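Several structures are given next for inspection.
Here chain A shows up in two complexes: once beside chain B, once beside chain C.
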Partner chain A sequence: MKKAYLGIDIGSISTKGVVLDDDSNILAKEYLWTEGNPMGAVKKLLAELEKQFDKDEYEIVSTGTTGSARKLIGVMVGATIVKNEITAHAVGTLNFYPDVRTILEIGGQDSKIILVDNGVVVDYAMNTLCAAGTGAFLSSQAKRLGVEVEEFGKIALQSKSPTQLAARCTVFAESDLVHKIQMGHTRQDIIAGLCRAVVNNYLNNVGKGKKIVSPVVFQGGVSRNEGVVHFFEQQLGTKVIVDENGPLMGAIGIAILGRRARARKKFDFAVEDMEFRTREVSCGRCPNNCEIICVYRDDVLIDSWGNRCDKGALRAGTRGESVK
Partner chain B sequence: MSKKISIFAREDREITVGLPRALLYHRYEILWKSFFSELGVQCVTSPRTNKAIIDRGIERSIDETCLSTKIYMGHVDALIGKCDYILIPRISNFGIRRFMCTKFEALYDMTGNVFRGSGQKFLAYDIDVVKKTGEEKAMIAMAEAMGFSRKEGKNAYKAAKRFENDDWKRKVREEERKLRTDQIKIMVAGHSYITEDEYVGKPVIRMLEEMGVTPIIADRIDRKEAIRQSARISPTIKWEMSRELMGSIQIRRNKIDGVILLSAYPCGPDSMVNEMIIRKFRGLPIQTIVLDTQEGMAGLETRLESFTDVLKLQRGEL
Partner chain C sequence: MDAGKRNIAFPIIANYNCIVKFFIEKGMDLNYIEQPKMTRRTLDVGTKYSPDYVCAPFKSTLGSMIDALEAGADTLIMTMGLCRLGYYGELQEQILRDLGYEFEMINLASYTTGNVKDYYKAIRRLNPKISLSRFTKAALIGLKMLEYIDEIEALYYRNCGFEVNKGEYRKAYEDFLMAMDMVNGRKDIERQYRKTRNAFREIRLDKPDHPIRVGVIGEYFTVMDDFSNLGLEQMLADMGVEVHRWMNPTNRNLHYKGQKNLGVQISEYSRFEMGPTSTANIWCAKNYAENGFDGLIHVKSAGCTPEIDIMPVLENISRDYKIPILYLTYDSQTSDTGLQTRVEAFNDMLRMRRAAI
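And then the complex of A and B:
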């Protein structure tokens, strides 16, 4: 039986999964919306992945999870490796573009830049704990304008004179935007302005002080917005590569990291049929009153986190609601 | 502003002074405690920062102050009624281009106003070297205002300063020792009231340790040397504590793998100095982290872990 490696990337907006073989060929891939239910999304994802590859020929020997729900899903699927999405993205992209120098990434709630030299990450930056200028910002503005966010790119490209918008802070941008609408700016100019504001915000925040050298690869959900790609190319004066597998890079990266690591555990698709449940408990054992998240599989506690000290540590294996 | 803020007669019973465990406490803990102990004055300290203290502090503060000041108010609140006086120094500067953030000059009056009506008395000493009042003079004046003789004040200060220096040397030696490990070393550059705070900075340090990283506390450095070295980065920067941190990075830059600039929102000096550090220390991996009262630790964890991973990738360890 040949070996295969599973990688799952559970972001705030979308959930991605791949199955790779020893040469990083994609045996199965899937992309769907998280819709605020990471565990449900992963079950659906696994069902789709299971159909796509030959289970008699390959067996999955390592499982990696990345993205903001990596810990939760890692517990659920019994991951052999759990890593943040930045590392996963860098590893995934380097696999397809070994000579890449700059990786731009704008996701649902964060954005980052990774600088690479000779195949080694030399520098990177991530937005501070604020979602200005990310996918969430574009989505909320799309809602305000009554446009599907997927249409943003096309509409933006029609504009000849993008509106000037402040994009440093979502709250300022929003009031600026409302004001410009009321002043009579056209919708396409405003949307183009928004796309440009995202680019400027990115370059002035995450990308500030960084030397952006081509080849440049652009990833994350926002990379599918042609308007943003256009303004990146305009601002940087260089071609920006958007890979069709771009959204999958995190999943690919974590699958590769799983392959590189030593841990091995046969993956069982039976988790699709298991009952998973989470519960939030207020600890109450000290004034911090930590919110502890408990994860149950078929009513048995399998993991918990969120406690700041040992007073809130819960023992796995406890049944049902017996933990306070 | 009169020099003697609190004038009170020496009483027969023991005096108790409250020390809020926030802001400059983390810088002057040993100096203060030994000074008062030499004078035979009792000290009580507020508990380590916890959620209840922060919530209380936020309630008592205006919106615009920094997280650290809000935490301070929570600590003062925890001491009200538990001591005769609460110590709040007023520190303006240690000389030219050696200024403290304005809040350290305003803190006594700010706190007094916030807790007006509580009946609590406060105790201060004023440092303003530009106007010729150094630490020694200020603290002796405070002792005198408490009813001790000048000589008693002077002896207590001398002894306290000796304890402080010994303790500081030990702390700096400990950091130097940590620099010799083979593990990845990340310097955590933040004011001591952030890095030493149980609820704000300590979790960051613990997370780093759990990731197999040796955190180096930038603040624990030979301060004189750091101030000197900081001039090589910027000769004009005016904040004393920012200069110490900058100098510390400069002194240790070749012995560390990266730097985390840890700051509390909103910090005036940091917003400027951290930007400059990023620009001046090209080639040194730097991650800025701005802390506020977010409950979720996930974003923080992602940032720390990815920063660590990148450093590991560079060393070929991942």
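And then the complex of A and C:
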């Protein structure tokens, strides 16, 4: 039986999964919306992945999770490796583009830049306090304009003179946008302006002070937006590569990291049928009131976290209702 | 606690309240009120009554003052400062009075005139019958305590990530801090210090010859106070990193070489003092870079102008020495998930770089 490696990337907006073989060929891949329910999304994801590859020929020996819900899902699927999305993205991209120098990434809630030299990550930056210019901003503006966010790119490219929008801050951009709509700017100009604002915002915040050298790879959900890609190319004066598997890069990266690591554990698709439940418990043993997240599988506590000290430590294996 | 004496409190700042306590109790013969350690409640209360755009140290010290008043303090001391911090005592006093608290405020900023003798006025105000010799003696012992605390803390973060049996370092370190909270005099302090040094020496380490070394620099309060920076140094140490931090009162205040001496060493990067810790931080970053550190982490609270000002300079250092810098901005958030992601990725990156060389 041949070996296969599962990687799952659970972001704020979308959930991605891949199954790789020993040569990093994709045996199965899936991309779907998280819809505020990471556990449910992963169950759906696993059901789709299961159908796509030959279970008699391959056996999944390592499982990796990344993305903002990596810890929760890591517990749920019994991951052998749980890693942050920055490392996962870098590893995934380097696998397909070994000579890449700059990786731009704009996701649902965060954006990052990764600088690579000779196949080694040498610097990275991630947006800190502000979510300006991320996918979430684009989709909320799409709603305002009554356009599907998937259509944004095509509409933006039709514009000849994109509207100038204040790009520094989401709040300013939004009020500026409302103003420009009322002034009578056309929809395509505004949408093109929005795409350009995202690019400017990214370069001014995350990319500030970083030397962007080509080849440049652009990833994350927003990379599917042709308008943003167009303005990146315009601003950087270089070609921006968008891989068709771009959104899957985090999942691919974590699958590769799982393959490289030593830990091995056979993955069982039975997880799909198990009942998972989380509960937030306020510790209450000191005024800090740590929010402890408890994860239950079929009513048995399998893990908990969030406590800052030993007072709040809960023992795994206890029955659900016996825990305060 | 003696009745009839003033009950003095000071907002919690990293591990240094035991020194203030020693000073107040032994040197000034007054009562010291110890508020509980900072918790999320402290920060919530502080944030609630603070202007939104003020930096996070204002919020946590205000919360800590309220904790102290609720614990029975009748006199609050607030430090002076070289940035906006210099105005904080006055504003905090006003906020607390508006909330209806009754207390006396000794705001050291109003005694900071350039003439050291004026601080004596503040001391006389706290206790008019103070004995100068007793006070001086306690002050000197307090400074020794400060040096020891900083030294032990530095040793702790450099080594605790490499211990063979997890938790041994933590225990020795916590024992030390607790002992410092209870010391009576010079002999006590010396004994506890030596005891902790010995305890540290006994702990078995599994440390490589060239461990990953990270220098932590940044804004005075947030970089030192592990509650405010969400345990950044511990997080790094737990990833097997040797953590260095120059910024502490011993280095920045007690043995500070001064703008003239440090400024000349960084003249290619900056010619002027930009704030209370900017010269020190630029010098420190350059020094770490020259000494072959793997990476730097710059810590600041949101809206800290002096630290924002030095970021372009740090970028130049990063480029010249090819040393990556992670910039972290803290506000009154209490979730460390985002921090964990960034620090973990930073650590991964340093290790990948190391493996490539």
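By definition in this document, the second predicted complex is superposed on the first by the 324 of 324 C-alpha atoms of A that agree within 3 Å, B and C clash if a C-alpha of one lies under 4 Å from a C-alpha of the other, contacts with A are read in each partner's own complex, and residues count from 1 in each chain.
What we mean here is this: a residue touches a chain if its C-beta (ideal position, glycine included) is under 8 Å from a C-beta of that chain, and two chains touch if they have at least 3 such contacts.
This one's a predicted model, so the numbers in the text were calculated from it and none came from an experiment.
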When chain B and chain C are modelled together on chain A, clash or fit
clash
Between chain B and chain C, whom does A:Gly209 touch in the aligned arrangement: first, second, both, or neither?
both
Thinking of the overlay built on chain A, is A:Val122 touched by chain B (first), by chain C (second), by both, or by neither?
both
By the touch definition at the top of the document, which applies to A:Ile86: first (chain B), second (chain C), both, or neither?
both
Please work out whether A:Pro287 is in contact with chain B alone, chain C alone, both, or neither, and reply first, second, both or neither.
both
Between chain B (first) and chain C (second), which does A:Asn25 come into contact with in this model arrangement: first, second, both, or neither?
neither
Quick one: classify A:Gln182 as touching chain B (first), chain C (second), both or neither.
neither
Across the two complexes, what residues of chain A are contacted by chain B and by chain C?
68, 83-87, 90, 120-126, 128-129, 209, 286-289
Chain A contacts chain B in the complex at 68, 71, 83-87, 90, 110, 112, 114, 120-126, 128-129, 208-209, 257, 260, 286-289, 291, 306, 308
Touch list for chain B against partner chain A, complex:
50-53, 199, 203, 278-279, 282, 285, 287-292, 294-295, 297-303, 305-307, 309-310, 313-314, 318
Name, in rising order, each residue of chain A that touches chain C in their complex.
68, 83-87, 90, 118-126, 128-129, 209, 211, 286-290
Write out the stretch or stretches of chain C touching chain A in their complex.
36, 39-42, 302, 312, 315, 318-319, 322, 324, 327-329, 331, 337, 340-342, 344-346, 348-349, 352-353, 355-356
